[in-house]
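First chain written, first letter: the chains are A, B, C and D, and each begins at residue 1.
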Amino acid sequence: MSLEERELEVLIGPQHPASGHMRMIAKIDGDIVVELRPNIGYVHRSVEKLAEAKKFLQIIPLVERPSLADTTANNLAYVMALEKLLGLEAPPRAQYLRTLLAEINRIHSHLYGLGIHGVMIGSSTAYMWCFGDREPFIELAQELTGARLSYSYIIPGGVRRELPSRFTEKVEKALRYMENRMKDYFNLYLNNPVTRARLEGVGVLSKEDAIRLGVAGPNLRASGVPYDVRKVEPYAAYPDIDFDIITEKVGDAFARVMVRVKEIQESIRIIRQVLKKMPEGPILHEKYIKAISPKMREYMKETGEVKFPGIFANLRIPAGEAISRVEGGRGEVIFHIISDGKMSPYRMRMVTPSFRNVILFEHLNRGVRVADIPAIYGSLDYFPPEADR
Amino acid sequence: MSVDKTIRHVKALATGIKYLVSSKRMTLMYPDEIEEFPDGYRGMIKYNWDTCIKCGLCAMVCPADAMKMYISKEESEEGKKPVRRPGINYARCVFCGFCVAICPTNSLKFTKVHDVVYNTLEEQVYPPEKFREGVPKPQYKKKPKKMRAILDEERGLRYEPVE
Amino acid sequence: MNFEELKSRIEEGLRELSAEISGKEPNVININVSRDKIVEVAKKLKALGFDHVKAVTAIDYPNERFEVVYIASSYSNLDLAFFLINLRTDLPYNDPTTPSLIEVWPSAFYQEHEEHDLMGIVFEGHPRMGERLLLPESYEGLPPLRKEFKIKTEGINA
Amino acid sequence: MQDLLSFLISLLFRPCIFIPLIFPGLTVIFIMLLMIIWLERKIAAKVQLRYGPLYVFKPLGGVIQTVADLLKDLFQEPIIPKTVDKIAFLLTPIMLFGLAYLPTVVIPVSPTFYAFRSDLSLLLLLTLTTLAPIFTVLMGWASNNKFSLIGGLREGYLVISYEIPMFLSALSMAVLYGSLDLVDIAEAQKGIWGLFLNPVAGISMLVLIYMSTGKFPFEIPEAESEIVAGAYTEYSGIMYGLVMGASYVKLYVLSLVYAILFLGGWNPLPASMMDNPLLPGAMLFAKAFILIAIGVFLRAVYPRFRIDQAMNIGWKMALPFSILAIFISLGIVTITGGM
């Protein structure tokens, strides 16, 4: 029998319980995957083109939409690019609030990824637990911003809300809860011999390949590259915060899971520090505060809710070019904005971590077993809408 | 099978049994119970007809083209020139709250209403005259219990009835 | 390593390749080259330690030129990771082809494919030229990121 | 009138009617199916901090939910794709369910109450249970769907890796009791249960039962996130209900066998209670039900193995252990001179 006859082409997705909004074209020989090609674009919404027709402030909700589980990273990266062009920096308190939301978001984004991965290898309990435990953090973020996932919290020059009353206390409760729960996660799921058997040694990404393929986020760090934008090019309040970059050596699916688990623990540490060190002061750049009417300034003081100055409706950004990067839950988000001094960007390039990780589908799924496809897919924390943008 | 593996099997099973006999649950029994949202929740928007200065900033900042300036009929006829007031289309609204934030007279305010059912797309459009009447009241077959989410060290989230 | 040091080192490395180098503090270094030199420049940059591409941006200046920007940085040398090298090349408007850099930087594989799909730039040597990535297979017409491709806007009045 | 009624009742309690139609036959199977599917969802929900099915008859925690699901399945349009092999496609669910149900006829309910007694009843029973997987493989082929095909093949691979050690484990008990007659085997456990005499056989058989019925962590032939629903992918409506039910029925039958082989069957009931089939039947059922409940509880704890890992367990662990079990049985027989 010739080789072609041995191979079976299986189309996994876009209508498949574990494919997400994408298709994987797998050629399999018996139980071994010979070749797998990701076919993406099923949820492409052309964010880059739409941005050219929208005004700068209107793009904030737009860039959040592709990665709903990890909106703060996109929001922050976009606003940081604008601030670079505007030549202004948010006041320190706003920077701390940004960091706070980013870390809360990182925790629930990681839980999302771990949960989806859990159900992909068959542990419905891991899935339900992770999604249940996301809820306290979503609730916290909701109290801070007013929305569950699409926060649109970060605006040029600051943030939109002051810390709610007794927030520190509530955060502390959620953090302690998560720390306690982690033990059960280890007992039931992460140390479960079946989980280990499914993940250890599966989809190994060597350090050289990770670098060569330009992989982003926890997937990169799981292969032993200690690259984290929060350390490399610190932004927001990260320069003042003491935290470690989590790395693993092995680079297999289990290492990628463990990086996420440990980053949750690290985020807990960061949040505690942020709340402790939170400076007093305004949460919006004074240039914009001045542009707000005195009556509304009074209102802002009373409620802690930021009013936008009228110029925000038609915000003009000076001509120029800016690149910003942010370490989101799934990895490095990059915005490359080219402005020609008008009300909309001339060109906006948005590179999300999932898009940079697409290449791993091809690379890691060679010579693995059919059952390893979801195990590898899930371990990448890949989110199709984020890749398609 | 190594000893270590056996221990880990036992631990996993024991944890499963622990949760099987415990009575912790996270579920909010929607729609019998509904969550009372914290202050500042970005729900549907109510409009104050009298304080509005018709500046149009809300329509300008709206990222989804949901907020638009509609010709207000009566006023236009009275003044013999077109007067425009904001109206909202909830089929498009993304609840970002930019319109509320930019309103210079606080004529737009959030409410905590979010679960409303519409039968047609047209019903979701609120021209100024309808917009001023306020947000629709959610209709329930049976009056639900209002619950507040409380963060808890033991259980993460706990729901307590609101009086 | 500071900004000036790196800049001069790059200038030295690329001396024979007639690249225009300009810097933008604190961490962006722009390198303009013609498209026939771009592969060599990329190889030099890789030898300097810039081992991956973070983004490939293609910019359309209607009836004038296309510009392709490779944003490269380093993972293996964390001193360099702070810096973002913008390797730029201009392409004539009627002939938007440029050699693909996937041989040098495999990390550009999907990025180049996307710019081909959405902007219509042809990267010579890329195995998937002519295939769709994000757009449906059946899509015909202007590449949507071109400026000629207009999208409707509604204005603020109903 | 009265006579007629009592006649009918006595007819009902005739073994050759009671066993196939009531216990362990159809009626109890039906009730068990409805209960166990509900229980599976409920147990998983409890561990996962949820409620599970609740609203269909709330006072009893939604126990009627499965009935509602069954009704829904019954009235759903049965879709038969154009490309399938129609006869095989339609026949396999029925064969699968029928063959899963058939072995119940051999199962005795008390030392005196059985539909069928033979010197070889254990062998007959085991043989009947092995027939069903063939139809799963056929189903995978008949569906003309790549996922079904992979699912069917997976079942095929698994069958040969669990069947042999499972037989050996079961037969080691036959060696121990010196009989292949289920009644004799159960009666021999008046004192010590088989599980305590030969725990190696007991444990390996239990694991293999869960493996053969696709319980977690061996839910490999229908792994949802990999191959949609395996061989069952193309089925809908009541046909899906049948194939899904078949694996539970198989679990039920094997649990009954396990209860007889290792858990003393109707023991430790005193002989005076054996006249009526109800009490020993209830005892047997309770033991089997606990085993089923453990099986469905595993869903809440384990992810699923990969097929090669499951086959490793079958060949490299269960097979040596079951051979060891035979030697243990032989040892015990040699020392005690037969039970």
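The rule we apply is simple: a residue touches a chain if its C-beta (ideal position, glycine included) is under 8 Å from a C-beta of that chain, and two chains touch if they have at least 3 such contacts.
As the structure is a computational prediction, the values presented were derived from the model and not from experiment.
Chemist: Of the chains present, which has its C-alpha mean closest to the combined C-alpha mean?
Modeler: The chain sitting closest to the overall C-alpha centre is A.
Chemist: If we define chain centres by averaging CA atoms, which chain lands farthest from subunit A? Would you check?
Modeler: So the farthest one, by centre of C-alpha atoms, is D.
Chemist: Out of A-C and B-C, which chain pair has the most contact pairs?
Modeler: Looking at contacts between chains, A-C has the larger number.
Chemist: Could you state the distance in Å from the CA-based centre of subunit A to that of subunit C?
Modeler: Those two chain centres are 24 Å apart.
Chemist: Any idea how many Å lie between the Cα centroids of subunit C and subunit D?
Modeler: Spacing between the chain centres: roughly 62 Å.
Chemist: Nearest whole angstrom, what separates the Cα centre of subunit A from the Cα centre of subunit D?
Modeler: It comes to 46 Å between the two C-alpha centres.
Chemist: I need the residues of subunit A touching at least two other chains; which ones are they?
Modeler: Residue numbers touching two or more other chains: 125, 132, 188-189, 192.
Chemist: By residue number and range, which residues of subunit B touch two or more other chains?
Modeler: Correct list: 12, 15-16, 19, 26, 60, 62.
Chemist: What residues in subunit C touch two or more of the other chains?
Modeler: none
Chemist: Pull out all the chain pairs that touch, please.
Modeler: The complete list of chain pairs in contact reads A-B, A-C, A-D, B-C, B-D.
Chemist: Using the touch rule from the top, collect the residues of subunit D that touch subunit B in their complex.
Modeler: Listed in rising order, the residues are 43, 46-51, 297, 300-302, 317.
Chemist: Under the stated contact criterion, what part of subunit A meets subunit C in this complex?
Modeler: Listed in rising order, the residues are 40-41, 44, 46, 48-50, 52-53, 210-214, 220, 225-227, 232-233, 321, 323, 325, 332, 334, 336, 338, 346-347, 349, 351, 355-356, 358-359, 388-389.
Chemist: Quick one: in the complex, what on subunit A touches subunit D?
Modeler: Touch residues, subunit A against subunit D: 8, 10-11, 16-18, 31, 118-126, 128-129, 132, 188-189, 192, 194-195, 197-198, 369-374.
Chemist: Enumerate the contact residues on subunit B facing subunit D in the complex.
Modeler: Answer in residue numbers: 1, 12-13, 15-16, 19-20, 24-27, 29.
Chemist: Could you please specify the touching residues of subunit B with respect to subunit A in the complex?
Modeler: 5, 8-9, 11-12, 14-16, 18-19, 26, 37-42, 55, 57, 60-64, 94-98, 101-104, 106, 110, 149, 151-157
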